[in-house]
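Heads up, the next two complexes both have chain A, just with different partners, chain B and then chain C.
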Partner chain A sequence: MSTTAVVTGLGVVSPNGLGIKDFWAATKSGKSGIGRITRFDPSPYPARLAGEIPGFVAEDHLPNRLLPQTDRMTQLALVAADWALADAGVTPAELPEFDMGVVTASHSGGFEFGQGELKKLWSLGSQHVSAYQSFAWFYAVNSGQISIRNGMKGPSGVVVSDQAGGLDAIAQARRQIRKGTALIVSGGVEAPVCPWGWVAQLAGNRLSTSDEPARAYLPFDAEACGHVPGEGGAILVLEAAEAARRRGAKVYGEIAGYGATIDPRPGSGGEPGLRRALETALADAGVRPGEVDVVFADAAAIPELDRAEADAINAVFGPGGVPVTAPKTMTGRLYSGAAPLDLASAFLAMADGLIPPTVNTEPSPEYGLDLVTAQPRPAEIRTALVLARGQGGFNSALVVRAAD
Partner chain B sequence: MTGRRVVITGMEVLAPGGIGTKNFWSLLSEGRTATRGITFFDPSPFRSRVAAEIDFDPEEHGLSPQEVRRMDRAAQFAVVAARGAVADSGIELEEYDPYRVGVTIGSAVGATMGLDQEYRIVSDGGRLDLVDHTYAVPHLYNYLVPSSFTAEVAWAVGAQGPSTVVSTGCTSGIDAVGYAVELIREGSVDVMVAGASDAPISPITMACFDAIKATTPRHDRPECASRPFDGTRNGFVLGEGAAVFVLEELGSARRRGAHIYAEIAGYATRSNAYHMTGLRPDGAEMAEAIRVALDEARMNPEEIDYINAHGSGTKQNDRHETAAFKRSLGEHAYRTPVSSIKSMVGHSLGAIGSIEIAASALAMEHNVVPPTANLHTPDPECDLDYVPLTARDQITDAVLTVGSGFGGFQSAMVLARPERSAA
Partner chain C sequence: MATKEFTLDDLKRILREGAGADESVDLDGDILDTDFEELGYESLALLETGGRIEREFGITLDDDVLTDARTPRALIAAVNALLGAGAAA
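After this line comes the complex of A and B, so read on.
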């Protein structure tokens, strides 16, 4: 019998709310954080909307010495980790240092920091590049900085699988707990809203070019036209159930099942792998489809990808067989931060008995989904499924179960 | 020993000094070095001007013109190495459920070479803050997110199971293989194509290592520039490359009559939680990773025949890991040959951990311990047997390989002969 991994703390940095209280209040009332980009002038670019986090002042939360050596992404991640640990009631200094680890997902690293140093390199010369460039931008930086700030010497890791990585990190955290580590800080936080990051995302050819925040990101809508990206994400504290019980921790729920696949080569004619990931996660959790109370969809808002996701959900649950929602319509797609934020929403939804809505979308009947739109839907939620897909064909699915 | 055991049944190495596992082993066993003055760009403005570059023609290694166009150099290395590893293993992957074949590729800095080049274009030489998207290449997103490497490998070998990039800085090459081993052990997959690739020899990487004086400024004799454990060392030499393995469960590898290079008997990673680039001299966290990896392998320190060191050639590292070996292996550390192949192939960041796993498996294969090249001047603080200059014939049944990197990550892996438990 494997050790059960439970979630005891949530730290959220989202375009529609900093901290779980504000985030959940906004999310259940359908308040969006999507707007025209303010961090740079987006007018030269074909896409101009993003989910930016307003009012985050790193100096208010972090020591000054950390600021020059960290990208905004890392500043947000460090604060989210602090909040998650506080929410869990954990004081890391009181725990054995090798019994705590950090596993995060990354997407594009500290890209804004990287843009600044590349500019110095090419406009001023190599001797002007900051010493911090050697680690401030790279994919491992959030795990490294969180482990240092909190004195966590146990197994750590970093996965990169585009947007699916947010779930892969949580699954790897569960693996480490099963192997004997008592506590793992896990999740993903991104902040690629800088001109260089923006141009690279534009090349991915999936961004919405709409200028209307309420019409730009419409998954499962006949007018779906790509997504709006955003910054932020969530950090979760996972613990061995026994360790959490011993210290009398509040438990949000259990990481019950996981499955991951990658699609065959584009153009090969093979079936997409999402359905298999979903079925594997359910089997791993020992959950029948009828026991799932809500699905947090990946919600690509690209017709072909919406179709593939609806097909996978319908194949397993039957058409309209399960409530489906995409609160990321309020934040934009946060890359590796998206699925950890959906996990936070799933646990908050369980606690509140409310499925948060998918905003703005008018669901197209052709997808045959029971999409929760406009208003939150009261429901008893014991089991939730979170789906995440990444460019390149990555598919991950995670099942979470409410605490008994 | 209970549970599923994981073995290496195929490998391919792309390392400086000659592409392919055979050339790689010739270089190591003959103690030759592949470091040279940088040719990829004009290195004259830089403090460090040497690197271990690969002479690589992607089309010669089977990549189509379109594959070459859309992939960063590190992705090209990964795909060539993955195809080579599958061929070497003799496995017929089409006979497996593709959902039970996964891919993990380690990379510390992803498509940094492509990003550096493309930034220069879209910013018009660093002049534009609002970089110009109309000059962006269509595959720029694949450079942005290095999981594209794993997708390319999965497509190349037909894998559809759990797949990711593992990016833990300079331990990525060990951690990517360790991650894959855990997936096979837990039963999620039957086969993993796992390894690592990095191609970081670009102006931005050279500049940031210059800034922290991590790379050597020695460029009078580039072939002697990488000097781990030598008293005159003064920084590492950047390298590039890839190594990819086919990993299988022991029983199914035996059933198909596969050649088994080694069992991956134990693996662990720990963090120093101290500094993004600094190391405490006591090596306590690396020692803990070694202790846990040995424990997982159910082996005693005395069973280790050879230590493949991180041996980057910075004073800080060489002392740190020397302390870690003593702390974890006790007296046995003094009796065990320790060498750093970075003396010959440089430090390819995230890739080197996998390249060193390959070196470790080949040491077992040939019963030869590769040397530490350029080691002429002993450092009194590094007082172990570092196998200077010349390879050594020695029965090698079990190897410890370690990595240490930015972010504070310390990883250790134990390779052993699978039949040892029957003995």
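After this line comes the complex of A and C, so read on.
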């Protein structure tokens, strides 16, 4: 029988809360972190809202030596990893270094750092580009810096598949635990709120151009008009269940099942791959649809994508057959950080017996979903399903189960 | 032309600007003969430091200057040798 991978630590950096306590208090009460961009002047751009993390001062949390060599996304990721390890009660220096690995997801890379260095390149010349640009922008840099800071030399890597990557990384972490590594730090953290990151996202044609924070990101609403991006995400500590039990660790729950598919070629008329990903994850977990207590939706807020997601959920659970929520309406879409943050929400929801709400959306009846809106819904949650789709046809689904 | 001199204070300032400083190290202490690695600077930090010295002082450092100069004293001497050669020429 395969080794069971359990989650023992959570570290959250979210637009609506730093740390699990603040984040969960905000999330269950429907407090949004979306507002007009402050990190640069957004007025010349067609999209001007984002979920920014206020009050994060890297100097307060990280050694000075790390500051000149890290993008904001890496600073956030390092702090989230510190918090996750502390939450898990793990002191990495006390564990064998090859028994710990790091697998994160990335979508944007260190764009703000990279933008600054490119600006120096073109305005001052190549002599002025930081030597740290060699890795500070790179997709794998969060994994690398977490690995170095914590002395983790086991299997490590990065997964890049847009929003789906947040689940793909957790699945890869589970694979490494099954192959024998005792502990993997996983998840995803992004910070693409800078002009370069912004124009890259605008090119994808999926951003909301609304200026009203409460009307801009409305998945499954008839007024859906694209998404608001955000920064942040979550880092999780995954451990082999046996290792966690031996050290008497608190366990949030188990990574029970995973499925990933690629959409058929555009224009081919084939069914999108999300339903198969979802069914594969349930089968992998050995869970019947009726046992799923809540679905955390991908929530694209693009009408045809909302339709595809609702169709997949309804095909498996029946119309209105399962509570669905999208707390990312409070943070914006965090790309590779979104699904790890949803996983954190799922575990916190299990502990609290509350499904966090989808804010602002007035669900369109045509989607036939039981969307949890406005207020958190009391519920006994044993099994949760998280969905994540990436631009380019990536579909991933992950089932998590409460600890016994 | 006045000969520019590269001092320990210049080095400390450039190290702090380009690569930061390890909290457990007192850069203002007696560091002239302390190995850069003990001061918390790995090869990339020295590469960044070398680039900044080149920019500010208008010299070109060979790659092996940065790998051979293991201590602040050695690096300061190497830079000043180049500055002196430039002034002499």
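Observations on the model:
By our rule, the second predicted complex is superposed on the first by the 404 of 404 C-alpha atoms of A that agree within 3 Å, B and C clash if a C-alpha of one lies under 4 Å from a C-alpha of the other, contacts with A are read in each partner's own complex, and residues count from 1 in each chain.
Here is the rule we go by: contacts are C-beta pairs under 8 Å (C-beta built on N, C-alpha and C of every residue); 3 or more make two chains touch, one makes a residue touch a chain.
Values in this document were obtained by computation on a predicted structure and should not be read as measured data.
Model built by superposing both complexes on chain A: chain B and chain C fit together without a clash. With both structures placed on the common chain, the touch criterion links A:A200 to chain B but leaves chain C unconnected. Shared-chain residue A:Q127: touches chain B and chain C both. Legend: residue contacts after superposition of the two complexes on their common chain; A:D168 is shown touching chain B, with no touch to chain C. In the superposed model, A:G233 lies in contact with neither chain B nor chain C. When the two complexes are superposed, the chain touching more residues of chain A, out of chain B and chain C, is B. Aligning the two complexes via chain A yields an angle of 60° at the C-alpha centre of chain A, spanning the centres of chain B and chain C, rounded to a multiple of 10. In the superposed pair of complexes, A:G30 makes contact with neither chain B nor chain C.
Within the superposed three-chain model, A:Q69 lies in touch with chain B and with chain C [touch as defined at top]. The minimum CA-CA separation between chain B and chain C in the overlaid arrangement is 5 Å, rounded to the whole angstrom. Judged by the document's definition of touching, chain A residues 69, 127, 130-131, 134 lie at the interface with chain B and also at the interface with chain C. Residues 63-69, 127-128, 130-132, 134 of chain A touch chain C in their complex.
Listing the residues of chain C that touch chain A in their complex gives 17-23, 40, 44-45, 47-48, 51, 54-55. Residues 40-41, 44-46, 69, 97-98, 101-102, 106-109, 111, 114-115, 117-127, 129-131, 133-135, 138-141, 143-145, 147-148, 150-162, 165, 168, 172, 175, 179, 192, 195-205, 259-265, 268, 270, 273, 276, 280, 335, 390-394 of chain A touch chain B in their complex. Against chain A, in their complex, chain B makes its touches with residues 45-46, 98-99, 102-103, 108-110, 115-116, 119-120, 122-123, 125-127, 129-133, 136-148, 150-151, 154-155, 158-169, 172, 175, 179, 182, 186, 203-204, 206-212, 214, 268-277, 285, 288, 405-409.
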